[in-house]
Each structure stands twice: as structure tokens, then as C-alpha cells.
């Protein structure tokens, strides 16, 4: 096997090893310096391999499905893995000063690192997995690491947020697991590709699919299961918030897309895809309206996540069901995936920048951003660039994503979704200007001085989200590698 | 019916009798200490008789040994818990949830 | 005829116990019912012929989860927590309707299943002699789907980090839970001195037979954890400080060893490959490592976060 | 013989239902624990009765071993929890 | 699956347990009670899984569900332990073992 072929498994092995070491000894600096370059190299290797040779498939332990577990990475998985690598790299670099254990080991300084590396491993495990039960274990792994990070501050509010999240997450995992059980009972396999090949008109498969969808929707915080998200994402320490908001919901969304576009595309009836679309639209509008009303910086950003996640679900009415066979489906599907990536980059940048602002101001009321353009211009610029992506303005990645979805909505004659996308953009402008406009006000005095390097790190993420729009042709092409061709008949 | 089968029938029935007697005692006896007494009867005698009753059916000597071991374990555990529970001055109820 | 009658009776009792555990007003009664529930389920698993699961259910459901919940409820009641009003009759009826419809839909899904579906039984049997072990469940857990098991052992670790991180900052470096004590010559202490050797024997036996007969690392580790907790409850031993390097090495050792063996395979070409000639030995090594780490982790999880200042 | 053992097991199960009544009605928590203890022992007895009838052979006996070993633990956790300071034992308080 | 075999009886028993657990999960407020309900649902799912794997008595129980159930039991125990710890810590801080019902943000700002 070539070195390139080893990249996927080492994307799991390396962060796990780092997590083990982080449990034993509080030396994050060494771990970050050791693990980050390796992860970047492995990601480049994986992306190049997928780009050159197409989708990768690995039978773990040499046992082929259905007996064993197979890992798989096409363009979509590789893109999400690469996004994770970029976002996590910046996050761990930003987190080093705060959780550096410079004066001996502290509680948070110790706990943050195993959790961060385990979360990284869990995300990669979800994106690579080609087995329904293995995905269950990986998602539980991710959920429990998330839960611990949400509670890390140790205040009553953050622990309550963690408990609320736990209630949704536990319910979601059981629903997903029950769905998996029913699918296995009906077809005797857990492998995504083998399940895709099986005929699935029976009651167990349909009930299983519904349960899997409900479970994953609860974990992705799709409206009306969103109530846990804002307190959880806003209450965590800023680097953790960045992971939670930028990456964690993408994992369950990724599985949902795999499930509906690879495993059971034929079961996505018109009523189902429209229902999911309505929930996504509700999330966009409701999340945006609540974001406008927030008075705290991190809460506002968290509600923006509720809204931005809503866009992802428009992939179902635009590219699923009847639309799957239509010419516009590729654009809509790719647009939604680009939205996931662009949002990950922009939201990661925004939460990290917010963390710096909170650190400088000593509080997280919206007034913390007053005068930012003068006191912390790099951070103000980070806010501005990520806002461009979140609003969907050219030339950002968010623009390309929303533009692709918009044109598909028009092409398919589903004007309602186009209106929702446009309204969502206007509402995003409304809540983001509440952050951006005051940066030019006269400022209150900042309490702490934040170095230029620490400010520049989130900026690179925001800049990457813009770059995604400028280079949109290559990402578009890359996402098509191994894209499920749902339009092969059997559509309702 | 073979002798071994008859043996099993007699002893398992006797064991069952003590379990039922213990359960009836649990329901009928008025105070906690006499209920505890009923419990230990079922634990010790009921389980013991059933172990003896199943003995002729074993496949290997080691299984018989295991059966005796289970009985001994249950005997010790029940003696300890009975002792501790009897001494424990517990509040009537810890807390309620609607 | 007798078989199904027994099963039906057992199923009804299990359902009644589950109802009591969820419907009863008394919290402590609910926990007691839940412990009972675990032992009844162990019987149900035995009836189904899934003895490996029955062992796990007896050790986890009836054993460790019971310890965890009894301890937690006692701590909460000492804090005299606030009890909210129960939801109104209308809300309860709506919840009951939701729950009943989910159960009905699941039951409907079951009616559509092929009554002869054999799953992967034959596939596993066909490759069993290349797995290195004779117990098919162990073969699936440690070889065919060893990757799941690797991740699962790390899930326990992530939870341990999460639980410890709930300590107050001033307690960081202290030992988990509270110091326990008992009358040194009392029944409890005597029992706790006598039982560990027996428990150790049973735990190791359950792990050991796991390669050929029902049993394995998880069941054995749970038993070991429970026995150690008994000694801790009797004040005979105490949990070590969470900052002790040795404790941390013990909790990661098993998963790290498993990962290391998998990585060697990856460097040789296949992640987590166990060559058939060495599979048995490797599985035994992995199981031994996992047993130690899982037993330590589970025991520490039940004790909870540090509540004592470092000495 | 299989049928006979199953009949005895089923009837032991009926006695479990009686013990459950005690768990449900209390009145004290000690009564509930006692009921649970009886259910645990009955479970051990049922497993012993099932072992010769089970498809998996006498392996079911190992489940009985584990249950017998761990059945006492919940009661011990309980008596400790209700002791004076929540971490002692009833014999200290006496 | 229909009829009166061991596997069928316990498969439907599993479905019933899932329903009972969901009711408890929705109605109960005390976190320990919710955890019990969560575990009841979980055991229902596992029982259903194991029972559907035992449909052919002459083949024995499918070892794959058995292995996955053992994995699932451990994951459920881990989740339970974490939520118990969260609840105890929360009760230390607030004297509550239940979540507040109102969500301040949804009414606007906090």
C-alpha cells in the first residue's frame, strides 16, 4: 500500500495518540507542535490522493463488508476532513495561551487538550466511516466530548446548557440506533454501500430511515430541536465554541446527507423533502430573528449558527426526492456542501475572534466590540470578512454556496426556497451589522492587550472562507468526486 | 422416570416451595424484621434446594462445583445484606418526583 | 409450549418493572426497580441464547449502573434538591400518546421483517477460524469489528476526562469522590476484605474464557470495577489523586495498546489487521490491556469528580 | 426434564412478582431493598434452572455467578448512602 | 415477525419498553429519572436488536448484534456516568436536579 493510502487511518490514529498523551501529561505545546504538521501533511496527502485517483475505500483489519467495517472517502468526505484540519489547526493554536498550563497543570488546562484531540479524531472518524453502527459509536464519541467541552467552564449556566444538550443528544442517539437496528434486522448488513444496493420497500427500512433522520436532526440542532444549541455553544470557552459551532453539527449533517443521498435516495418522497425544507427554512428565519434580539456577543453568533444550519437542509427539497434526477440537483447539492464548509470556516473565525474580544473587554455584552476597528483592527477585519461569508456576499464562499442554491431554486421553480435564502441573507446582514457597525464607535478602554499573531490566526480562517469563493471552480469539481448519482431510477 | 429425574423433581419443588413461602412472607408479615427473616429463608434454603436439585443434571464435575460456589456466594451475600439492612436506620423515602 | 409461556410471563414482568421504574412517584423506588430490571433482563438474554450479552447486562445493568444511580440519588437528596410540579394531565396524555405511537410504529416495522432473516451468523462462522478465537462474539468484538471496540474504549476515556473536569478548581489534584469509612471489624469491612479475591478470580475467569466461551474484557472489567468499589466503600482502599501519573497511564494503557497494535498493522499495510497465526495471542494481549484500563475507568467513573482538596 | 425445569422456573418467576409488590409498596426504603434482594436471588435460581435447558448449555451458569456476586452491591451502596454522613456504615452509627 | 417464539416475544417486548421509556423521558423532570428512562429505552432497543438476531433458532443468536449490544451497553453506561456527574455538580451549584423550563433567550435577550 502506498503512503497516500495510509492517510485516512492516520488521520484518526494521530489525534487519538495525541489525546492519550494529553491525558498523561499536561504539555500541550509539544503535542500541538507534533500533531498539527502531521495532520496538515496527512490531509494534503488525502486530498491529493482523492483528486488524482478518485474515492478511497479501506477495509479495516482486512475484513470486507458486511463482516468488517470499511472506511470510505470521496470528494465530500475529503473536503469535510480538510475543513476540519484547517479549522482545528487554527483553534488549537489560538487555545495554546489560554490552556497552556504554564504555571503548572490546571483543571481546564488539562481537560481541554484530550477533549480537543478526541473531538478531532471523532470528527474524522465520522467523515471516514462507511458503516452505520460505526457511525453510531463515532457520533457518541463526538457527542460526549462535546458535552464535556460545553461544561468545561464549570458555571451553573454552562452545566445546565450541557444537561440540556445531553437530553437532546441522548434522545437523538437512541433514535438513530433504533433506526440502524431496524435496517440491520431487515437487510443483515450495516455497510452503507451494501445497504444502498439492497431493495428497501419494507416497513422496517422506512421506519428505520425516519428514526435515523429524527435522531440526526436532533443532533444537528435542526428546528425545532435547536433549543439546546445557543446556550451550549455560547457557554463554552471560545476555542471550544468554535469547534462546537463550526464543526460538530456538520458531522451529523454529513451522515444525514450520506444516508439520504447514498443509502436510501429512493425513499425520499416529495412530502418528506418538503417537510425537511420547511424545517430548514424555519431555522433560517427563526434563528436569524432571535440573533437580532440578542444582547450578548457569543449568543448572537450561536443563534446565527441555528440560522446557517437551516440552509444546509434546503439540500433536501432542492437536490433530493424528485429533484435528484434533474439537472439543477448537482448545483444545489454542491451549494449546500459549500455552505457547510464556508460556514465552518467563517463561524470558526468569528467565535475565535469573539473569544479575543471577550478577553480584551472582560465581558461578552455587545458593547465589547465598540471601537474595535481602532483598538483591534485585525479582529475587526476578521469579523468583517466572516460576516461577508455568512451574509452570502460576493466574492465569498458563502456567496457561491447560496448562489448555487438560489439558481437551483429558480431552475426547479421552487421560488419559495429562493425567497427564504434571500430573506435569510438580509436578516443575516441585520444581525451582523449589530456587531460590525459599533466597531467604528469610540471605544471603552480594553482591559487586556491581545497580540497581533493571536488576532491574525482567526483572520486566516475568515480569509480562507473568502478564498473558497474566489477559487470556487476547484472546490466544485473536487466535491463531485464520488458524488452519489442519485438519478438512476427508482425515484418516486 | 429415572432416579436422577425424580431427585431433581423433588428437590426443585422443595426449593420452589421456599421461594414462594418467602415471597408470601414478604407480602404478609407485618413488620420489617419478620419480612427480613422470610427473605433469608428463601435465599438460603430455596436456592440451596434448587442447587441440589439441578445437581444430577450437570455435564461435568466442574459445573457441580460452580453450582455449589454460587450457593455459597449467595449465602454470604444475603447474610451480609440482611445484617446491614436490619441495622440501617433509613429515612422513609429519599425524595420524590412528580 | 412451556418455553413460550415462560417467555411471555418474563416479558410481562419486565414490562411491569419498566413501568414501575418510570411511572412511580418515588425516586428511590424507581432506582430499585431499575436494578431489578437489570437482573430480569439478564434472564431474558439467557433465554434468547445470548449469554455474552446476559453477562454484560448482569454486570452493567444490575451491578454498576445500580451503584452509580443509588449513590447519585443519595448525594442529591442530601442536597435537598428542589422538586418541580409534575406536568399536567393534558401534557401527560400527549406524552403517552407520543410514546405509544412510537412503540406502535416500531412494532409495525417488526411485522414486516422476514421471519427467517439470519443476519451475519453464517458469515461470521465462515471466517471464525481465521479470527484466532472460538467465541464468535469475541471474534466480532476484537477482530472483525475491532475498530468499534477501539473507539468504544476511548469513549470511556473521554467520559472520564469529562467527569473529572467537573471538579471545582480548588479540588483539582484531589481524589475523586468522598473518603469512605466503615467500622473496621464490622460486617461490611469483613465482607469487603473477603470478597475481592473471589471477585478477582471471577473477573479474570470471565475475561479468560471469553476467547472460547461467553465472556470477555468488558464483562470481566465491570466485575473487577465493582469489586474494587466494594473495597473502596468499606474504606479499605481509597481512590488515588486525579493528577497521579500512574492512574492516568493505567486508564489509557489498554486503548493505547490496542491502537498501537492497530498502527503496526497499518504500517504493514492494513489498519488493525491481526494475522491469523498470531491473532489469538494478540487478542489475549489486547483483552488483558483493555480489562485493566476499563476496570479502572469504570470504577473511577462511579466515584465521580474530585471533591477533596489535594493533600 | 427440560419442561419440568422450565415449569419450576416459571413458578419462581411468579414469586418474583410477589417480591416486586414489596418493592413497589415499601413502605420504607429498607423494605424496597429487601424486595430487590429477593428478586436478585430468584433471578439466580431461575438462571440455575435454565442452565440445563439453554441452547448455550451450562454457560448460563456464569451469568448466575455474576448476578450472585453483584446482587449484594446495590444493598451495600444503599446502606452506606443512608448512613449518618452518607459515607459510613450502619454499624458505626449504632 | 409474528408467532409465539422466544425471539418474537422479546422483540415486541423491546418495542413496548421503548414506548415506556419515551414516556418517562418526556414526563419526568428529575435528571436521575430521565436517565432511568433513557436506559429503559436503550435496553428496549438492545432487546429488539438481540431478538431479531435470534429469528432462526437452529442457527443460534447472530453474534454481530450481540457484539454491538455489548458495545452499546458500555456506551450507554458511559453516557449515564457523565450525565450523573453533571447532575450532581449542578445540584451542588443550584440545589436543583431538574432543568429550568423557561428559555430566557427565546423571549429575547438575557
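Should a chain be cited, it is by its letter among A, B, C, D and E, assigned in written order, with residues numbered from 1 in that chain.
Methods note: a contact is a pair of C-beta atoms (placed from the backbone, for glycine too) under 8 Å apart; a residue touches a chain by one contact, two chains touch by 3 or more.
None of these values were measured; they are calculated from a predicted model.
Taking mean CA positions as centres, which chain lies farthest from chain A?
B
Comparing the two chain pairs, does A-C have more C-beta contacts than B-C, or is it the other way round?
Spelling it out, more C-beta pairs touch across A-C than across the other pair.
Using mean C-alpha positions as chain centres, tell me how far chain A is from chain B in Å, no decimals.
56
Taking each chain's centre as its mean C-alpha position, how far apart are chain A and chain D in Å?
47
Rounded to a whole Å, what is the gap between the Cα centroids of chain C and chain D?
Here chain C and chain D have centroids separated by 19 Å.
Roughly how far is chain A from chain E, going centre to centre by Cα mean, in whole Å?
It comes to 27 Å between the two C-alpha centres.
Do you know which chain A residues sit against two or more other chains?
Expected reply: 133, 137, 140, 144, 147-148, 151, 154, 159, 178, 184-185.
Counting only residues that touch at least 2 other chains, which ones in chain C make the list?
Residues 3, 26-29, 45, 47, 49, 73-76, 81, 83-84, 86-87, 106, 110-111, 113-114, 117-120, 124, 145, 148, 152, 155, 158-159, 162, 166, 187-188, 191, 198, 219.
Touching two or more other chains, which residues of chain D qualify?
Where chain D meets two or more other chains at a single residue, that happens at 14, 16, 26, 29, 33, 35, 55-56, 62, 65, 69, 71-72, 76, 78-79, 82, 89, 91.
Can you list the chain C residues touching chain D in their complex?
For this pair, the touching residues of chain C are 2-3, 5-6, 9-10, 13, 16-17, 20, 24, 26, 28-29, 32-33, 35-36, 39-40, 42-43, 45-47, 49, 51, 54-55, 58-59, 62-63, 66-67, 70-71, 73-75, 78, 178-183, 186-189, 191, 195, 198-199, 202, 206, 209, 213-215, 219, 223, 226-227, 229-230, 233-234.
Going by the contact rule at the top, pick out the chain C residues touching chain E in the complex.
Listed in rising order, the residues are 3-4, 7-8, 11, 14-15, 18-19, 21-23, 27, 30-31, 34, 37, 41, 44-45, 47-50, 52-53, 56-57, 60-61, 64-65, 68-69, 72-73, 75-76, 79-84, 86-87, 91-92, 95-96, 98-100, 102-104, 106-107, 110-111, 113-122, 124, 136-137, 139-141, 145, 148-149, 152, 155-156, 158-159, 162-163, 166, 216, 218-219, 294, 298, 301-302, 304-305.
Which positions of chain A touch chain C when the two form their complex?
Contact set of chain A toward chain C: 1, 6, 9-10, 13, 16-17, 19-20, 23-25, 58-63, 66-69, 105-108, 110-111, 114-115, 118, 121, 125, 133-134, 137-138, 140-141, 144-145, 147-148, 151-152, 154, 159, 178, 182, 184-186, 188-189, 202-204, 206-208.
Quick check: in the complex, which residue numbers of chain E touch chain A?
18, 25, 31, 34, 38, 41-42, 45, 48-49, 52-53, 64-65, 68, 71-72, 75, 78-79, 82-83, 86-87, 89-90, 93-94, 99-100, 103, 105-106, 108-110
Which residues of chain D touch chain B once you look at their complex with the stated criterion?
1, 4-5, 8, 11-12, 14-16, 18-19, 21-22, 26-31, 33-35, 37-38, 41-42, 44-45, 48-49, 51-52, 57-58, 61-62, 64-65, 68-69, 71-72, 75-76, 78-79, 82-83, 89-91, 93-94
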